[in-house]
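Shared between the two complexes below is chain A, which has chain B as its partner in the first and chain C in the second.
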Partner chain A sequence: MAIITISRGSYSMGKAVAEKVAEKLEYCILSRDLLINASASFHIPQKKLEKAIHDAPGVFEQYSHTKEVYLAYIRSTLTEMVAGGNIVYHGLAGHLLLNRLPHVLKVRITANLESRIARKMKEGFSEHKARTMIIEDDGQRTKWTQKIYHADPNDSSLYDMVICIDKLSIEDAVSFICQSASKKTFESTSDRIRQAKDLSLACKAKASMIESFPEVGITCEYGNLLVYASEKEAHMAKFKKILDAFQKENVGIHNLEVHTGLPVPANAV
Partner chain B sequence: MEQLTPDMILVMVMIGIAIFLFIVEWVRVDVVAILMMVCLPLLHLVTPKEAFVGLSSNAVVSIIAVIIIGAGLDKTGMINKLVKPVLAVAGTSTSRIIVAISFTVAIISSFMQNIGAAALFLPAIQRISKVQKIPLSRLLMPVGFSAILGGTITLVGCSPLILLNDLLLPFHLEPFGLFDVTPIGLALVASGILCFIFLGKFILPQGNTSENQDNPQTCVSPYEQGAEGQCTYELSTADDFMDYRDIVRVGDLHRRYLVNILALTEPPDVKTLSPSPDTEIRSGVDLVVWGDKKNVERMAAEEEMQVKAAIECYDKEFDTAHSGIVEAVISPRSPFTGRSLGKNNFNDRFRVTPLSVHRQEDVFLARLDDIILQTGDVISFYGTWKRLEALHQEGGLLFSLPSDLEDMRPEKALWAGGWLALSLLMIMGFDIQLSVALMTGALGMVLTKVLSIDEAYQSVDWRTIFLLAGLIPLGIATQKTGTAAWIANSILHIIGNVQPIVLLTVIGILSTLFTLVISNVGATVLLVPLVVNMALAAHTDPRMAALVVGLATSNSFVLPTHQVNALYMGPGRYRTIDFLRAGSLVSILFLVVMITMIYLFYGV
Partner chain C sequence: MPILILSSENKDLEQEIAEKIAKKLSYTTINEHFLNKIADKHLLERKKMWEAMHSTPSILKRMSPKLWHYSLSCVELEVLERLVEDRCVCWGLAAHLYVMIVSHVLKVRLIGRNDSCSQSDIVKMAPDKMKKYLARQERDREKWSMKAFNRKEAEPGLYDMVINLDQIQVDEAVNTLSMTMEYPRFKAMTYSKNNLMDHVLAARVKNALLVKSMTDIHVHTQNGRVVVTTSSVKREKSRKIETIKEIASHVKGIGYLEVHWNKDIITEAAISCR
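And now, the complex of A and B:
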């Protein structure tokens, strides 16, 4: 009943590994569906969402917050889709977007550069072009992770397991992952399912507020939603209106409070 | 017109800095005043002696004495004792109760600090609201406004009026007597009260009957509904409670279900009231919780607890004679303000359980420990009366207890009243200077042990003292350098000749606006030299111009920025819009009544 995220570089065979893991464990597999669902829920073109989760933020991002808004939408959709467990997500940034959940098995699949280039060349690209494209793609991923999460995607401490598909085969990787997923640490207990639901609720609330109030922080525990905002924000009619509407639309909220003048806690989204 | 000199420019820059700092509040207002006290002599705008003359001024000494006299009266419990006869006179009619309480508060406020009178009366008003079943929101605003208006009845009623004579000294104008302002003050109080009596329905939030239960300053008995629909419930844990789950602590249950554990049985059979958040919940034990029914039921279902039909094991402990729930208001200058509820450690120090915090229209139940307390916040506490008494004695919280547990000195009431009367007699009958007469009263209270000298020192609000003393040199610099005259002449040059009554009205409006954004003392110090110069140039009575400033700086009702309004906002569950609605009307009325009275009594 685990949640497995498989992070991968392009042409690292991560997709094949994810599909086989899902097949073996009889889990659902999730990748592009995330963006399709997010696009449908928040009425944002899929292309824009894809850019937000892939391309590093530009110089104007600090003024517009567009990427931050789209990421909140993607995160909200992802947390909702994985809340029930039994899922393998092999899209972008899963290990970061779900980093608050304790029972997520975070896997990184890598492969050596030459074999990745060789795979790319099979699509009809020259060696030079294939190399450039893969290096550029890796660069974008590194920049994205550094700018958004201040982390290096190649830092192995971000993952529970890093497997290099080189000497080890896809089958080996699948076997390791399935074995790890059955460990007690990744079991979806009722408490962990609750935590996933709480995170989903907090992310959903954040998604509803982020466009107008990007600075608010939200935590959720046992359905008790806590919004951290400034005094000024909390007294704005729009702020109250958004929260009222959110509370009406979501039945799982037991209590909703707005705390002002306090630092946003580290576990807030 | 006189030439603008570098000194005048410097003074205007300093005034600008002071106003800016008052508005943005980067530092506290008293620190701004001390900044002025230090910078002005450094810039050679006043002499070192003039810089600190405020500390020995008549105004500062008078205010120290007024605060000590007020504290002495408070210590005797005299003021609380006034409530009973006042209520007897008022009967059961809401209007009569509002008139009686408001007028009493106004009279008391005319001899002590407004905020002191307001704070002193808060528990009594809460009690009246509960007993007479009048929503607190209908009582508090009229009473709070009356406390502010009462400050205009005598020259010692509020800081701006105390300061007035000192500010008139450089102009060699005749000082005002203690009761010179009384007709105007009484008219202002009467108009304020009448406004609420006749228009209260339209301008005050009406509240409802359940609001009466918002103030369980005495006790919410078991299974009786509390503040926001919360009740007390007794539950028991299953015999295998600890067998198949991680350790559950008192704090965990509050975090998860927003219910407060008021009592818990600990092995072998120890009943603990207000257990600490770290206490473990064991198998097969009884516990009493306070919370929303739906949350208690959710907890019982998820943690497999049994909700009992009534308080059974803890019936003695939860008897109203033994323990209860009180609503305590954070008082002005409380040591608890500015610190989080968790850091104030109420549970560890006093063994009482904080249940919720009310701030304006918000109710906080979750993560109470993180909430930084502010003046006017209302905290609901559960505890035994003995422990609540200990908390009460710590000071800083305003609440009343059902029994006579308070540390009052009623036997000293006659002495306290006598010293106040003597002070007044010295001022009125023997024309002795205000500060000397009032300090005599204050000293008398200490000598006759109405309060100890340490209690007297502790009661003095040093922020007010330094605010007054620090701004006085700014007034001196404004006058001495000719800045006040220059600004006054420039304004008059622009507006031309105006009728005295029009000029006074404009001064009144200007002072009202100033007091909304900067402190009333700051507004008085800055405006008095200016308006006196303007009045002299416009051939209007300069004393009246100064008096308008002294009075209109109390016209602070539109926003809950005045200390009294801030204090009453939480317990009254008022919103800013409530102050805007009622305050705007009272502010306009204030200006009309003040100008009319000055016109009628002083013939301007």
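And now, the complex of A and C:
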């Protein structure tokens, strides 16, 4: 009943691994559907969301926070979609977007550069072109993770397991992942499902506020939402209006509190 | 038969997993204690040998780069000679940095559970202090591996698998690794054994050259053919090539030998400016 995120570089066979894992465990598989759903929910063109989750922020984007806004939309959609468990997500940044949940098995599939280039060349690209494209793509991924999450995507400590598909085959990787996912550590207990739902609610609240109040921090426990904002923000009419509307739309909220002048906790979204 | 090489900053955990796997599969083990034997065999001080494996050369520690490189080459040679015997679990000897592209070797990195601190250290340290201590350890280790083998130890690309033990239990990791070792693709075949023998031959030649204080050497072996690349000033070219040929010809198992020479432009320029 786990949630499995499979991170991969392009042409590292991560997609094939994810599909086989989902088939073997009879889990739902999620990748591009995330962006389609996020696009439909927040009325943002899919292309823009894809760019936000793939490309590193440019010079001007760093000041406009557009990427953070889109990312909050994507995260809100993802947390809602995975809350029930039994899911394999092999899209971008799953291990970072869901890092607060304890029952997420975070896997990275790697392969050496030469074998990745060979796979890309099968699509009709020259060796030089294939190499350039893969290196550029890896560079974008690294920059994105560094700028948004201040982490290195190649840092193994971000994952529970890193498997190199060179000596080990796709079947081996599938077998390792399925074995690990069935362990107690990754079981979806009622408490963990509650945590996933709380995270989903917090992310949803953040998504509704981020455009106007990007600095706001939100936590949620047992359906109790705590909003951390500055004194100035909390007294604005727009702030109250957004929160009221959010509370009306979401029946799952037991209580909503606004805290001002307090530091935003580390576990806030 | 397969060989398992483990690498981790958490020595206690690494040892626990290695020993459990070795016991389960009835494999032999090779670890840091092997350093004493290596030191005795090559007439080096035991303390210096341990130092060479854990820190970079420094005048303050009275460890010259020559002695450091020679000590590491002794470790590399003896570990490789031992690995040729198969059915072995190896850890704590940095073998993952010099055993490359051998198909019957499974290289695994274990991370998590407060890397680089043994349990007793964790109990004693305050969280802030421990964080700093871990960061320093990581920096030192990276510096060492880059200087010794020009590879970053923490780079996941060096391994077939990286397992984070924060969530995954020790016994689960032991089961997974034992099961993987049983896969047919990790059986030692003629080709992969020859590959490992090439590593051994290269290590023998390198060690023989370093013992005679030869510097600036790179040894590459393929199918028993040895290519030594070196550099020096032009006037020393023939003498250096002859010396390398003379030393290497006495190495056990050597067949064809080729020496490639490159001009040491920097020294050459320095001499011409005098």
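Please note the rule applied: the second predicted complex is superposed on the first by the 269 of 269 C-alpha atoms of A that agree within 3 Å, B and C clash if a C-alpha of one lies under 4 Å from a C-alpha of the other, contacts with A are read in each partner's own complex, and residues count from 1 in each chain.
In this text, contacts are C-beta pairs under 8 Å (C-beta built on N, C-alpha and C of every residue); 3 or more make two chains touch, one makes a residue touch a chain.
All values reported here derive from a predicted model rather than from experimental measurement.
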Problem set entry | chain A as common anchor, with chain B and chain C clashing or fitting | fit
For this session: Have a look and say if chain B or chain C is in touch with more residues of chain A.
Result: C
Exercise. Looking at the overlay, what does A:G261 touch: chain B (first), chain C (second), both, or neither?
Worked result: first
For this session: Pick one for A:N154: touches chain B only (first), chain C only (second), both, or neither.
Result: second
Exercise. Which holds for A:S126: it touches chain B only (first), chain C only (second), both, or neither?
Worked result: neither
For this session: Once the structures are superposed on A, label A:F186 by its partner contacts, choosing first (chain B), second (chain C), both or neither.
Result: second
Exercise. Looking at the overlay, does A:R108 come into contact with chain B only (first), chain C only (second), both, or neither?
Worked result: second
For this session: Would you sort A:I163 into first (chain B), second (chain C), both or neither based on which partner it touches?
Result: second
Exercise. In the superposed arrangement, does A:L226 touch chain B (first), chain C (second), both or neither?
Worked result: first
Problem set entry | Shortest CA-CA distance in Å separating chain B from chain C in the superposed model | 19
Exercise. Hey, what residues of chain A end up touching chain B and chain C alike?
Worked result: none
For this session: Spell out the residues on chain A that touch chain C in their complex, using ranges where they run on.
Result: 102, 105, 108, 110, 112, 154-157, 159-164, 166-169, 172, 176, 179-180, 183, 185-186
Problem set entry | Touching residues (chain side chain B, partner chain A) in the complex | 255-258, 294-295, 298, 362-367, 370-372, 576
For this session: Over in the complex, which chain A residues touch chain B? Could you list them?
Result: 221-222, 224, 226, 235, 254-255, 257-259, 261-262
Exercise. In the complex of these two chains, what residues of chain C are touching chain A?
Worked result: 103, 106, 109, 111-112, 115, 154-157, 159-164, 166-169, 172, 175-176, 180, 183, 185
